[in-house]
Amino acid sequence: MRNAPSLRRAGSPRRRKDLLFCLVLLLPAILLCTAFILIPIVDSVAMSFTGYKLANLTKGTPGVWNDFGNYTRLWRAGKLQSAVWLTLGFVSITVALTFLLSMSLALILNTDPKGARMLRSVMMIPWVIPTVIAGLLWSWIYANPYGLLRYLVSVFTSGRVTDFGILNGKSTAIWGVIIAALWKQIPLMTLLLLAGMQNVPDDILEAAQIDGAGYFTRLIHILIPYMRSVIAVTVSMCIIENFKQYPLFATLTNGGPMGATTTLAVLSYDEAFVNYNYGSGAAVTTVWLAIMAVVVLLFNLAFRRRQS
Amino acid sequence: MNRQKAARLSGSILKYAAIILLFAFLLFPVYWMLATSLKMNTESSRMVPTLFPQAVSWEGYKTLFDDGKFLVYYWNNVVVSALAAVIICVISVMAGYALSRFHFRWNVLLLATFSFSQMMPVISRLISLYTILRRLGLTDTHLGLVLAVCATQVPFCVSLMASFFDGIPKDLEEAAWVDGCGRTRTLVRIILPLIVPGLLAVSVYSFLMTWDDYLHAITLVRSPSLWTLSQGLKLTYLGEVSDWQLINAASTLGAVPMIFVFFFFQKYMVRGLVAGAVKG
Amino acid sequence: MKKLLAVILTLALLLSASSVLAEQEPATVRFYNYALSETAKAAWWQETIDSFTAANPGMNIECVTVDYNSMIATFTNDLASGLSVDMIYGEVSWIPALVEGGFIQEPKDVLDPEFYAGYYEYVLDQMQYDGGVYAVPHYYTNSVIFVNKDLVEAAGLDLAAFPETLDGLKSWIEQLAAFYQGGDKVSTIFGLTTAEVPATGSNINAIFNAFGGQLLTDEGKLADLKAEPNATAMAEMLDFYKYLIGNGYTQENLKLKDYRAAFGAGNVCMYVDSSWGYAQIGEVDPAAKDFTVTAPLPTQMGTNGKGESLVESHCFLIGADLSEAQKQVVNLFIQHCTTSEVMEGYLNNIGLAFIAHKNMEDCKISPILEGAARGVSQVKRQTQIGAMVSVQKQLATMVLEYTMNGVSVEEAVNNYITQAEYYIDQ
């Protein structure tokens, strides 16, 4: 991965000391991750196979194995399936749109338009605004009947649609969340893609241009292959970020209307913290975790394979 | 020739149109938040919204400051975010150095575990996290919250820090080594001053991310005197209250310092993020 | 002589002091109150507690704010770390979870029997869970119609003749709609909330009862919604929602707080809410009190409906492990909070509501509520169940499915039954 270490060549006692030193340095990070991430995860996976309710929590009694009861109950009610599809849909649409828009913006900014430096800084404002505030801000824009969006829609349809509430319709609500997510995520991805773009050697691009390659040919055959690793990293960051998305759903839709935005995140929170069925909540997060791991793995495999 | 000119002209018109559109999308909501925070509620509740506040009213901000609660949340958020930044700096300097300089076989495994744990959805950890903190006696404390939030930032920050260490030539340490400088002293005296930009990047990143935290705070912190900003905003102002002027004023105040922090440390921040993402 | 008098006086003083001490050893009660996050209420509580502790030396009340969404975790956590949960101010819907968690006991074991007997039965009935009454109401509301007097009178309608049947109400709605058609002023003619949040769930459940339905059996199971009179009530209720939403008389998926804001801004003719919703109406525009009046639900709604809604109440819940001294503090404090003198200001200015105990009978009720006062006791009893929040919230889903998505009544109800049973049987 990195250059062969020179320190390692030293004799064995020194190496043992290195090992010790290295361990001590790593210890806080390992401890923190183990105590606050790994153990809770293992614990929660175990909990998902038991009936674990409010009384277990208050009285400190362990849950009782219930033969996958949490999973089958969620499955029979159709909640798990719909949440899985919704999550996958939300993630893929959001990631695709974020990538497309960020790439376009990065390409434009890379041509050094007037005020590019200034644009690059103010662009980051949505990214630094806390997610809950972003949710509040968009819920005000979407508000019906006083929101800005309702008014704009009524103007653009010249008064035919006067009560448009994007979060109210079963088919439109998810788009409301997607728009807010795009708003929050485009800046960072643009910034990173732009940085990756600036590493692409100019002479190759110029040579291609002289050879008569058109803009899109250059884009697809030179620029994007050069940026492959940046794209891989930013897109997988984006996938994870959206898989984990909860605050936007919590502030904008809370899973509604009619369950149209009940993703795995919302479902697990509902089961565990609204209905106090912790085992069931844990079952949802276990499924969630498994799917996310598979998606990220598949994405990375696909990218690696094409790269080699 | 003319056609080429026309093409270039239309190309640049298209370009600027795209810039205007995308930036309107990114920035207008921020303006709208600001504008609403200065409008009376009766003005906000009009069927035809006003682009500029007709009568500028500072009522929302005044309520927030008079109220006192908001300032408490705010201060808590500053404390929590600063504490997280400090802790994460210490941890990631140590771990980052170790990963960058000593290459043992299990380092790879460790990195993999780190990046896997970065993916963990927060909600799946909340119930057990809560039990663990209770055992440690850290529920309802800022320290407990900070540790839990830090744990989620460790993976990214450690690999970010490692990439900064990678950029420092090893000759320096070897020289110090020859001079009889111990491992710890080498790290603190010689290397640390060289990675100040890395430290800044990591701490600003951590500060911003902790400022943004919502889920951890809402489960691990109970007492309203300890509530953080996101938590306080959601619980106090988004319940059954519909005072949009107040909500937007609070949102503006919650967002503005982050904007300043970012602009102030932009250079390091951008470098750090790019280094973390592009190399990591 | 003087000396003797002094000695006697001192003795008497000492005696009386010691008798007070014997009667009332100092005790502190930790009082968890979710209402403290609202400024006006917090100030009122502080004042009330101060006046109570001033009048009862040795009795202390320590206030703890608790957030609505995380109260269970708060109590669990505090009990585990040795902080007792002695008294809670909360909502009826909290009862099941608090009983399950072993947090609370029945108030009849703590309060003076004479005082306890003074609660209105139809309100106290609502606090039942698992065979016991686990809370006492502070005050209550049923569902009332908020009416914008100015808008209604401008359309030529006479408030003295407020409709007492559903058909009458519909004809008012249509007249108002015709009058305000095409204008920018009015956004809602007759508002009914349909957002999928807990407050809406209980609101819809109340409307279902007003149409003559009953959601839960006394045993806490889902009632048979396909048998009469539930089937008719359900169909008629759904049709009323469709009538309102389909004709644009109300918007779909709005929360109560949205209606409150819009009503305060003067854009709503009528809408259905709990009486204390006025707090937020007044927040938008303090002058709203000049145009706000209320009315009870019509007494004839559909085939079987008598306009009886459900009780909503803010209530006292009493911690499970109290010492005798603490019980006395709780007993006296609740009595202190249930007097006309203490409550009149609150019920008129902070949380508009109806009284739930005969000790408050002298309380002057807010002029805004005068209209609705006619229907105060038009309420039905409902057993509490653990899954109440979700079971009621699903009602909103059902209404939206039917009104917005063209799902048939039968299918909407079937879906509802599946979902409700999912939450009840866990």
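Letters are used for the chains, namely A, B and C, taken in the order the chains are written, and counting of residues starts over at 1 for each.
Simple rule for what comes next: a contact is a pair of C-beta atoms (placed from the backbone, for glycine too) under 8 Å apart; a residue touches a chain by one contact, two chains touch by 3 or more.
This is a predicted model, so every value here is computed, not measured.
When you average the Cα atoms of each chain and compare centres, the chain farthest from chain A turns out to be C. Ranked by C-beta contact pairs, the top pair of chains is A-B.
In terms of their C-alpha centroids, the spacing between chain A and chain C amounts to 40 Å. Inter-chain centre distance (chain A to chain B, centres taken as mean C-alpha positions): 15 Å.
Among the residues of chain B, those in touch with two or more other chains are 45-48, 219, 244.
Within chain A, contacts with two or more other chains are made by residues 57, 143, 145-146, 273. Multi-chain contact residues of chain C (touching two or more other chains): 69-70, 80, 187, 258, 261-262, 267. Touching chain C in their complex are the following residues of chain A: 53-55, 57-60, 73, 77, 79, 143-146, 163, 165, 167-170, 254-259, 270, 273-277, 280.
Residues 1-2, 4-8, 17-19, 21-22, 24-26, 28-30, 32-33, 35-41, 43-44, 47, 57, 101, 104-105, 108, 111, 113, 119, 121-126, 128-133, 136-138, 140-141, 143, 145-146, 148, 151, 183, 186-188, 191-192, 195-196, 199, 229-230, 233-234, 237, 240, 243-244, 246-247, 250-251, 264-265, 268-269, 272-273, 278, 281-282, 285-286, 288-289, 292-293, 296 of chain A are the ones that touch chain B when the two sit in their complex.
Contacts from chain C toward chain A in the complex involve residues 69-70, 72, 75-76, 79-80, 97, 100-103, 187-188, 195-197, 248, 251-254, 258, 261-262, 267, 386-387, 389-390, 396-397, 400-401, 404-405, 418-419, 422-423, 426.
Those residues of chain B that touch chain A in the shared complex are 15-16, 18-19, 22-23, 25-27, 29-30, 32-33, 36, 44-49, 90-92, 94-95, 97-104, 108, 110, 113-114, 116-129, 131-132, 147-148, 150-152, 154-155, 158, 166, 170, 173-174, 183-184, 208, 211-212, 214-215, 219, 229-230, 233-234, 237-238, 244, 247-248, 251, 254-255, 258-259, 261-263, 266, 270, 273-274, 277-278, 280. Those residues of chain C that touch chain B in the shared complex are 36-39, 64-70, 73-74, 77-78, 80-81, 184-185, 187, 199, 255-258, 260-262, 264-265, 267, 280, 283-285.
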